[in-house]
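Below you'll find a set of structures to go through.
Below, chain A partners chain B and then partners chain C, in two separate complexes.
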Partner chain A sequence: MRESTLWIIELVTLIIMIITLPIHLINFSSLIIGPGYATAMSYEEVIARAKNLPYVISSILLLGAIIYHSMYRVRFMVSELPLSKKFERLISLMCLIVGIIAFLYSFYMTIVAILV
Partner chain B sequence: MSITETKKHAVASYPKRYNLERYMFFIQRATGIFLVSYFYIHIFIYNQRIDAALWASIKTAFGNPTMYPMSFIFVTAIMIHGANGLRLILTQLGFFIGKPKLPVYPYPPSSIGKAERVILFILISVAIILIIVALGEFLFFIR
Partner chain C sequence: MEVVFKIHRFDPSKDVSPYYKQYKITIDKGTTVLEALLYIKERLDNSLAIRYSCRMGICGSCGMRINGIPMLACKTQVSMLKSNIILIEPLSNNPIIKDLVTNFSNLFAKHKMIKPYIIRKDSELDNPTREYLQKPNEFFNILQFALCIKCGLCWSACPISSDNRYLGPFVLAQAYRYISDSRDDGYNERFDIIDSPHGCWRCHFAGSCSQVCPRGVDPALAIQLLKKSITTTKLGLKKIKTAAPVAPPLTEVTRKLDVPQPPPRTVFKNQRDSTNER
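Moving on, here comes the complex of A and B:
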């Protein structure tokens, strides 16, 4: 994929993070509407959140965005080092594999948590 | 040149006074590396929620006082990384960096201007307020 396309996808993931990260964090804070960290960590509250569809959708979007952003930036940092092209390609492939595995694992566990 | 002279030269040529943006670049990288490392631990821990007994054991682990500073540092790193990252996106897209001008000695970088500094201070101030709120939440949870 072209570098410019990857950068545009990253901009989209940043916008997703700006929207979904406050939604994620607000559930652990009593600042505005959240129940507070102590309540939010209880099992009942965790499972209630796992079955709340809007929250689940925002979590999956956030998860995908963070994984893409982190792996894209790790690859970017590695590309700044004086390494061979072959090694750079290997790092890119590793980032892709780690990202896909992390996303699929979390996605599967999210679906399992809905069905609990 | 002897080794001692080389060392002296290296120390003398090492820039002692970085500008604020250079420090923010270092902080962005450091928090980024920490967040990547901790994020995968975070999702692994949080995905144990499917079993009540497993979650109880996770909560017992969280009862360990060493876990609170880690969680708080995680939130702090998110706030700082996010605030500075937002400034970087705006700068990258061409906002608050002024118009292009002819390079004149000593070549001050056009991307570092008053507007960009103001945005940085506003975003970092918001991040610090949110960090204080998060600290309050964690202290309440410990109590």
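Moving on, here comes the complex of A and C:
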């Protein structure tokens, strides 16, 4: 894939993060400072929140965006090292595989939380 | 005023590692670092290797790190440095040939890769007939970036240039200079190299290249504009420009009736131009 395409995807993930991260933080901060703080972190409350579809979608988007952003930046930093072209490609491939595994795992955990 | 110059010395053919040698000299108000170095070379140590040419900040040959900052030695007055001990080192990120002279071949090879010249699809460059039409605002868009003297100070200051495959600030600034030139038609030819893994996307926008540029070129701005240009073109928000047309042939010129005829020629072919000293 071309570097400019990867860059554009990163710009998209940044926009996603700008939108979904405040949703995520506000959701939790309202729990902490709100009246329901005492029970908010109980197992039932957490599961109930996990089943809220808009929140689930925003969490999955946030997870995907953060994983892409972090893996892209790891690749970015590693590519500045004096490595051979072959090794550089290997690093790119590893970042892709680690990113996919991390996303699938976090996606699975979110779905499991809904199905519980 | 007495100043101590602590100069980086290294001859790869003789020395195992670089070392610093000190020279104490008296300087006048307005003495430049280059003048001081030439004084040292002429009077104290003729083995010192320096590269210089124009002595007036035009050629970009005398770039070196002065007290750790990449500068042109000919444009830097010793009194400006406000220090009695001046550390002189070669530009970083380039192999050292000897003492303060570094090898720019890698940098110039990258410069060549981005095709730093006007590219046209028509045959006008090979068989020129007339000038290209360029509006003043189109000219001013590229003017700042066209001032680059390829001194390599930006490359030395760039924190990413330790990655030797990175194209670097001045090469990318030149790429932008030609891509944004209204007369140029070579966007697609340069795209592959600029959009490569070690192209413009590697820039972290530290901005040190723009800080040290002796000509105010602002390579960091050029790189960001390059990124913007590629992104908007790729997203279809900006069309790839068509190159400026060639000026149409002049139509017949007729003299206005109220404009008087010019006086007869006073200088002729093969005549010595002694009368033209105005």
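Keep in mind that, in the parts below, the second predicted complex is superposed on the first by the 105 of 116 C-alpha atoms of A that agree within 3 Å, B and C clash if a C-alpha of one lies under 4 Å from a C-alpha of the other, contacts with A are read in each partner's own complex, and residues count from 1 in each chain.
Everything that follows uses one rule, which is that a contact is a pair of C-beta atoms (placed from the backbone, for glycine too) under 8 Å apart; a residue touches a chain by one contact, two chains touch by 3 or more.
As the structure is a prediction and not an experimental result, all values here were calculated from the model.
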{"item": "Touched partner set for A:2, first chain B, second chain C, both or neither", "value": "second"}
{"item": "Partner chain in contact with A:81 - chain B first, chain C second, else both or neither", "value": "second"}
{"item": "Which of chain B and chain C A:18 touches, first, second, both or neither", "value": "first"}
{"item": "Dominant contact partner of chain A by residue count, chain C or chain B", "value": "B"}
{"item": "Which superposed partner A:50 touches (first chain B, second chain C, both, neither)", "value": "first"}
{"item": "First (chain B), second (chain C), both or neither touched by A:70", "value": "first"}
{"item": "Touched partner set for A:109, first chain B, second chain C, both or neither", "value": "first"}
{"item": "Intersection of chain A interface sets (partners chain B, chain C)", "value": "11"}
{"item": "Residues of chain B touching chain A in the complex", "value": "29, 32, 35-36, 39-40, 43, 47, 49-50, 52, 55-56, 59, 62, 75, 78, 82, 85-86, 89, 133-134, 137-138, 140-141"}
{"item": "Complex contacts: residues of chain A adjacent to chain B", "value": "11, 14, 17-18, 21, 25, 28-31, 36-38, 41, 43, 46-47, 50, 63, 66, 70, 73-74, 77, 102, 105-106, 109-110, 112-113, 116"}
{"item": "Chain A residues touching chain C - in the complex, by the definition given at the top", "value": "2-8, 11, 76, 79-82, 88"}
{"item": "Residues on chain C engaged by chain A in the complex (per definition of touch)", "value": "160, 162-164, 166, 195-199, 201-202, 227, 230-231, 234-235"}
